[in-house]
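Below, subunit A partners subunit B and then partners subunit C, in two separate complexes.
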Partner chain A sequence: MKRISTLCSCSAYASAFIQSTNSFSLRTLTSHQMFYFKSSMKPLFPSSKTQQSFLRTVQSEPKIQVATLQKNTERENPLLHSDFFGVKSLVTIEDLYKARVHFGHTKGCRNELMKPYLFGCRLGTDIFDLDVTLQHLHRALNFLAHMAFRKAIILFIMKSHQHGHAVEKLAQECGEFAHTRAWGHGTFTNNKINPRELKGGIKLPDLCVFLSLQDTVQDRHLAIDECAKVGIATIGICDSNVNPSIITYPVPANDDSLQSIELFCSLFKKAVLLGKEKRLEIENSSQSVKTADSTE
Partner chain B sequence: MSTVGIRLHRSGSIYSRIRDLLKTDVIERDNRPLWYDVYEAFPPIREPVYVPDMKLDEFGLSIAKDDVRPILYEEDWVRATYSLHYSKVSHNNLKDVTSMFIDKKYPCVCSTLKFVEQYQEFKNKDSSKEEIFAKTLDYFGKIDLQK
Partner chain C sequence: MLYLVTPLNFFLDSRCYHKRVTLYLCNFAMWNHCLKCFALRNINSLNADIQVQLRQCLLAPVTMVNKPISLVIERYISTSQHLHRKIRLMTVDRDNVNLQLKKQVRYSEDYIQHKIDEHNLGVRRLAAMMGEDPDSFTNEDVKKAIQYLFPSSLTAKPARPQMEHPSVVFPAKIKLQANKEGRPHHYLFYTRQPALYGLMHEAYDCILDLHSYADKMRKMGQRPPKPLDLGLTHWLSKEDIEKEVLSSKISDDLYNQFITQIERLVEEPYSEKYKDFIMKFRRKLVQRELSTGTLEKEVGKDGREFVRCQGFRKTARADVKLIANGSGKITINGKPMQEFFNIIADRETVVTPFIFLGILLRFDVEATVDGGFQGNWMMLHGKQYFHDGTRKSAMAGAIRYGISSAIRLFISPEQIEIMRRGGLIDIIFKLVC
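So, the complex of A and B:
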């Protein structure tokens, strides 16, 4: 009871992390505030029913899977394959064009660091070079799929009244997390609010996907710097008026049109689900190998 | 992960910081972040090192040179002349960015569009652009373009 009360006192700062109803049933505490827990040893509220692996680092991977992966010489290391998840076939330049991904802001709003990604300026509106965008997008989707394969905690961030619901829905359909509300200052970095040293403290995401680098008030989203401080990898859709330098895998594209955000939501969802499917495949086949070994 | 030296988000990239911490054995190899292996296998096109925004001048304007190439087409001259002098539509918004996004399957509503398309059909190397313009104008004189 003591534990619960200390965590609930953080409610003023913790924001609503929406999550799929399929997995991790223990995490639905209250209607709007859901905390995500880290456990180096075991879950805070141990539940024998849910099959949760609080994977945070490489170390905590179950050894059985690793052994069977290494044993089976046919199974390749996904990192050695150039496109293990077939992410490059998900989108073409024509799809990007139809979704109006190439429209940037007006040239008065231009951030000089986005200049290398621009194809040109049509009557005052910056236009992205879709060849360059596609390259960046392929890398970002590939990274996303690999992280989903490794059971990363993925947080989709978008502070926009228009698109907030779409992003929450995306996270629900993927089985990952979303944050589309006001960002509490110090959500990742404040150690007083998020005690990490305690046993069973708060756990951070492994990857943050920004569908827009800006807050609604046209300021830079606070989470970008916090991710960089704490060492969380980021994927971000960078429009022509933002500073993309600190994003790990930037994707220079339009983040304001409904069609363009819908396209990116669907692409990210597909990439995450591809990663998770492959993981299930490998786990199931390794289990069957394991049972075959045990019967011998 | 609240080890020393990680929170300097403006010095190097997250990758370089963690790589160096691993090298000096501050973090154990087993405690490296989940994205580290994936980053090494598939690095981004540019390492995410912080670059500050350009400083503004005394009036709050950017001091950078505007050397992004303007996107102009040959038929822009046709568009401009036609829509200014002959089109019946008001010219409050001359910035026609929608010309970047024309889908042929939808029927043309804009008269400038029709005019330009017809101009393209008549275009050949012999006559000058004024002559072809006059020719298309004659062509459309018989048909009401606003339909």
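So, the complex of A and C:
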């Protein structure tokens, strides 16, 4: 019971946000894909049928009218804007390619649920479809920026000896939180472990960003299930060997290379800072309006 | 009358979630009272959300007469009674958001200072009562005085009369770990050990910095310096870290992780740059004094210094006289060592301190020993030995202990520390084997 009480207005905002953005139109798949690979490479499945059916399911969802949460007659509602923070200009497909984001694990490690996101398999290595990755990444970054705009508590999670330090640094520079150590079982769900900390005062995070869904090489991170139980939205970088089903905003991409992790850290940082900057802008402008009114 | 009754009928219909209902309370006290009773009697048939708000309206004093008190059903969640109860408890919980702040305000600094002044005055008065000097009245004296003045045979010690310092009675200020909106201050708060992991993060920052510095030096052609010398220090123990650095307990695993991280920093070349950071977690080695009493050097007839010392092992007792500027002669009970100890292992035991320090032929030893097992080992244990003779291991051990205690006066503190680590000085006296 008390766990539910720690959800702030942000998560209500989050669910409204998620509903509102289902109505954007997908870009059709073009010969962009062929640009990067040899012509001899065969895609995993005949591209036309299954990809189109995937597109159809997304496009057929109806537009949902969202009630305006912020009553501002002077300013436009950020929720109704398709890209309020200009997040789509942060990254291109070429950046993703240079950062080796398209490399998945080997064919044997593949999780069947990741099939829709894979372009194909080359010499035993799964390759992500970067067009699809980019769309998911845009959605995730947009959501992240909106949450930062609404002063959410964002927790960056990555249990990796190599990259833990980079993620902690990212959190420090954003002004958000990080957890790159061994996950204590029941951090979110067990009220007996955290009686002083989480009772009457401190909130649970509103958003968890997983830079890798794995805990060790074998196991899935425990925090994913805890987030789902407690109702915390998640963004997750899903490699080809993980199960992306519970993640709110999956981003099918490589989570093992140093370059790809560095790229994602910089992107997340930029998105969060964009959201916070807009917040300050709006607060300052409203203050100036107030002072103007008072003087008059 | 009729007009007043009809809105109440609306309430009784529990299906009307989304309707805005107003209840008018009129001037007449009796009528108000009747209405209230009627509503309260039927309140359990309504859903929980409405119940709370209705109760709040009806049980409040009717001061705002002629003002319509409207109950607005604000949020429709579901029809489940169970969930409605949850929501009601949630709303109650939200009101206690600033519980920590409230607790803190209770023990403000002025209040605690006032209590401390009171306590000090009380202690002085107590001293005067007992006829003691108020300035030198210690905490122990206070406890004794209270026990004398208020004798108590209660078994539970906390229930007995006490006069404790306010810092013990009032809990230390709980540091607020979050701001008013519920956002924690420390960026590693959700790891549950923010202080420790923060230090590990700092250590790794230093390591990365030293990597780049070492690369620069290598390009310039400079050789790496000698490894960092930490001196006679040791790492903080787990208990020390729990007390001084953190405020909470940690597991052994976590402690080991922390120490390995800082040892990695120590191993880096050019780590002298961060010596201050490293030394925060090091403590000086404390030289432990023996409980055998003070030993003094005496000068003998031939001008050579000597030291008298006692040693023991099991039930054997030895009086050892260690003479400097000797030639390695060892006499036990008037006989030379080779005669007294038949078995080589016993002789090795006696000579161990000298071999350990590398000073074999520099001292003479005169010892008298008695005690320990003086029977025939072969008969006792029933084992086959390849030599004839009796083993006197207890006596040998006693002499060894005597020599190693006595030799401390002739060697440097570092060597004493090395002997202590070798197990020659700190010996736990075992009465039984």
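Note that in this section the second predicted complex is superposed on the first by the 216 of 296 C-alpha atoms of A that agree within 3 Å, B and C clash if a C-alpha of one lies under 4 Å from a C-alpha of the other, contacts with A are read in each partner's own complex, and residues count from 1 in each chain.
The definition used in the following text is that a contact is a pair of C-beta atoms (placed from the backbone, for glycine too) under 8 Å apart; a residue touches a chain by one contact, two chains touch by 3 or more.
Because the structure is a prediction, the values reported are computed rather than measured.
In the superposition on chain A, A:His185 contacts neither subunit B nor subunit C. By the touch criterion stated above, A:Ala233 is placed in contact with subunit B alone, subunit C being left untouched.
Contacts of A:Lys203 after superposition: subunit C is touched, whereas subunit B is not reached. By the touch criterion defined above, A:Gln172 reaches subunit C but does not reach subunit B. Counted by residues of subunit A touched, the larger count belongs to B, out of subunit B and subunit C. Counting contacts by the rule stated earlier, residues 196-197 of subunit A appear in both its interface with subunit B and its interface with subunit C. Those residues of subunit B that touch subunit A in the complex are listed here as 1-2, 6-9, 13-15, 17-18, 30-39, 41-42, 44-46, 48-54, 62, 64, 66, 68-71, 95-97, 100-101. Of all residues in subunit C, those touching subunit A in their complex are 86, 89-90, 93-94, 96-101, 174, 176-178, 181-184, 187-193, 197, 201, 204-205, 208. Against subunit C, the residues of subunit A that register as touching in their complex are 1-2, 4-6, 8, 151, 153, 155, 165, 168, 171-172, 175-179, 181, 184, 187, 193-194, 196-197, 199-203, 205.
Within the complex, the subunit A residues that touch subunit B are 55-59, 79-80, 100, 102-103, 107, 110-113, 115, 118-127, 135-136, 139, 142-143, 146-147, 150, 152, 189, 191, 196-197, 204, 206-207, 225, 228-234, 243, 245-250.
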